[in-house]
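Pasting the structures in now, so scroll down.
Shared between the two complexes below is chain A, which has chain B as its partner in the first and chain C in the second.
Right after this comes the complex of A and B.
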């Protein structure tokens, strides 16, 4: 069975190994170059931050494309597993050998699932090492950058495994390769993008709340809900959850009330304070990075197991 | 007579329609069984139930006394599905390796010898072989498993006449060598005439005929005579098929082995396998099944 699994899926395994080697090599080179450039400046200086920011920007614009990786895993590891067998009729060959259908499916699900997870862990480690070079930057440290969050740590492994299980189930239900791929793509991106747009990650833990004392930094762009310097007031690497104003009784300000001071552009904050309003912010501190990583991984792992269960039921039932 | 394959009240329903209903069968060991019936009769469903690809909605099916599709039966049954599925990207050697890894009873030497005799190169991709060669590779994978029961679903479909002959010859050689039981389905009766010794006719999801082919042929007669006497004759024999013109009647009847005494205006002759099958298929309500026997405890 192990030989058969390898023989049928070796192309996928080799492509992923090749990708990890290339991506790892490129990021290692980039990280070393960054370290070299940054070392010319003393720690904490603006020059050093400028260099790190520029170097980070070279790669971070590509981060959005890493969403395609779990999708590809779903398409090329997950869907063919069952859909191709059903489509070509080879399941009738595979499932009438002495190795039982459960044995066949068990080895494939566990073997390929474990391989995908290991590859995802390797990818997360590579990205994590690279991102570590930029830990001094507010835009990349800790939880501040969710685009980075999903490609570092254990999150990518969980996403890869989830996509693999999703593709497998799509194949079990549609029993044809192209429809299974279409279902996999649509469902995967709905969930993946949904995790960003629904901001579900902001609520993996009760946020830390701070009130008042927002420093005034003149000249920075600002909005009424996020006074000048509000983000900068948060600890480095924190993930902003919510911010706004509360009145004396601690009740969040309803829309429009803050306009009492809106015309006093320069003394806006002073006006608000004089009227007894306090600014508040809720955020997730950077040291919750691993808590959030394991929460995300746990949720996705549970989803993957549930999907695997559906595939198992579908295959072993008739 | 030991029964190798037994079905009792076997049925399979897909949503609302029964693909196979109330099917009871008992097939002795060592037979080469022809499963015939029109398209959609339920042949594939029955075979899939036997090899465990489907689970019954009603009744049971067992091989070697064990429920179909369990690990114990799968070790002793080989199945060649319709369209002879193989992994196109595998080489012929890979297909043998597939069989070796998935079957403890695998006979690698048998597989290699058979392919060598057929001059099928081991390093060729399966997808690049001709249809006849693919059928032979699929049959080799089934035979090298050393099954006690070989189940083949339309093994001759989509093959040219020469390939049909070659596949059938290879199959019969293996049967002669091992004495295994074979069940093969077809909707072309002429393919099976000289190779099979047991007949099962399946029609509209029901078993119409199950019996030894020689006995079946001996029990059935084709009676031809004047139409005005036909009703009297039909009342005396068990008629399978009855076709009449204004003047003449032709009855295919199950007369039993005993000689019939009829008006000399009637001619009586034996029937061929194809005639017999067609007569039953035309009359789905007719049946020729073994008379009830006491079940062994």
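Right after this comes the complex of A and C.
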């Protein structure tokens, strides 16, 4: 069975291995070049941060495209597994051998699932090593950059496994390849984009709350709803959940509320301080990175197991 | 042949029509909301009001250039690859309808449907975008996602992707490799065209001493020119190489540099549309050759 799984899916495996090698090589080259450029400056200086920022910017625009990777895994690893067998009728051959249906599906799911997870871990490790070069940057350290969060650590492995399970169950339910692919794409992107827009990640743990008298930050544009320089006042690598103003009684000021300070553009901060308004922020500190990674991995793993279970029952109960 | 084409591809047609109706309905509702929100408002306040409505929708609409890829995958690849993989080509091409007629009918009807659908989506996006007129968001030239999703070129993108999928299916004869190759080639072509877009004509160079060129121009580059007339790249002003982002601009101004912009003026929009349509049309025709050969000449 192991040989059969390999033989039937060796193209997918080789393509993914090839991709990991190419991506790893390119990122290694980029990381080494970054280290070389940044070493011209001492640690912590503005010049070093400027160089790191520019180098990071070269790759960060591509980060949004990494959403395609789990989708491709779902399409090319997941859907053919069952849909192709059903469509061609080869399931009648495959499931009337000495290997039982459960054995066949079990070895395939576990074998391919493990391979997908390992590949995802490798990808997460590559991205994590590359991102480590930019640990000084406020915009990319710790939890600050959610686009980076989803491609480092164990999150990619979880997403790849989830997409694989999704493709498999789509194939089991629709029993045809193209409809299974369409369903996989739609469901996967709904979930993936939904995780970002719902900002669910901000709430994996109760955020840390900090309050302070109105800060003095020169040169920052002011806004009624977000105190100026709110992000700059958080520790490096923190993920901001909410920020705003509270009055003397601790009641948060709603956006658009009428206050006396709103008109005084230049003395706005002084006015807020004089009226006893305090600034608050809720954030997730950077040291919760691994907690959040394992939370997300756990959620996706549970979903993958559930989907795999549905596929299992659909196939073995006929 | 018309009935056969419809019967074999009706799922794709119906799903695409459903998607277009959903998209069109959403854009219509959102656009009407824009019109009522913008009534009687002008200037900066208009930018605020419409900006708040534009940003969340744009994060999704910026993915519109990917829609042709879905057409290539679900309309294009199955046309030939599914026939070859199942062996039904032996049935289809040994009937009274000649192979040539079969291919022309299929590609003709499907290609026409795909092009019309693309143009319809383009018209919907264009209409929605025009509800932002008067602000910087109504940018159908400068924004690469919007340029590729409005006007004439959108129909051509859909047709090109369809032909790409068909060619991949016809040449590789198996659906999974055809899908993979379609994805890979489409992404490369998309990146290539996006990079090449700014070079369809020589940009206009203008030293900025007054107001910036208006909305709807396509900014292709910027630079700084010193008081002595020496021009340098935007990032590489010699006196300011070690500044970080927040102090760079003030350093450059202190060193006596004036900004220079390179752009394509807004009235070149249609010229660029037709240029890109021509490029994609050429690519489509070049792909049609191998497809026709594979179908009509090789023995069944």
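Following the convention adopted for this analysis, the second predicted complex is superposed on the first by the 311 of 318 C-alpha atoms of A that agree within 3 Å, B and C clash if a C-alpha of one lies under 4 Å from a C-alpha of the other, contacts with A are read in each partner's own complex, and residues count from 1 in each chain.
Here is the rule we use: a residue touches a chain if its C-beta (ideal position, glycine included) is under 8 Å from a C-beta of that chain, and two chains touch if they have at least 3 such contacts.
Everything quoted here is computed from the prediction, not taken from an experiment.
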Using the touch definition from the top, say if A:90 reaches chain B (first), chain C (second), both or neither. first
Touch check for A:4: first (chain B), second (chain C), both, or neither? first
Identify the partner contact of A:195: answer first if only chain B is touched, second if only chain C is, both if each is, neither if none is. neither
Is A:80 touching anything from chain B or chain C once the two structures are fitted on A? First, second, both or neither. second
Tell me the contact category for A:236 with respect to chain B and chain C: first, second, both or neither. neither
Which of the residues in chain B end up touching chain A in this complex? 48, 51-55, 71, 74-75, 77-79, 81-83, 85-88, 90, 94, 97-99, 101-105, 138, 141, 145
Along chain A, where are the residues that touch chain B in the complex? 1, 3-4, 7-8, 88-90, 92-101, 317-318
Contacts from chain A onto chain C in the complex sit at residues 11, 15, 46-47, 49-50, 53, 72, 75-76, 80, 84, 177-179, 181-182, 185, 193
Which residues of chain C touch chain A in the complex? 11, 15, 60, 70, 73-74, 78, 175-177, 179-180, 183, 242-245
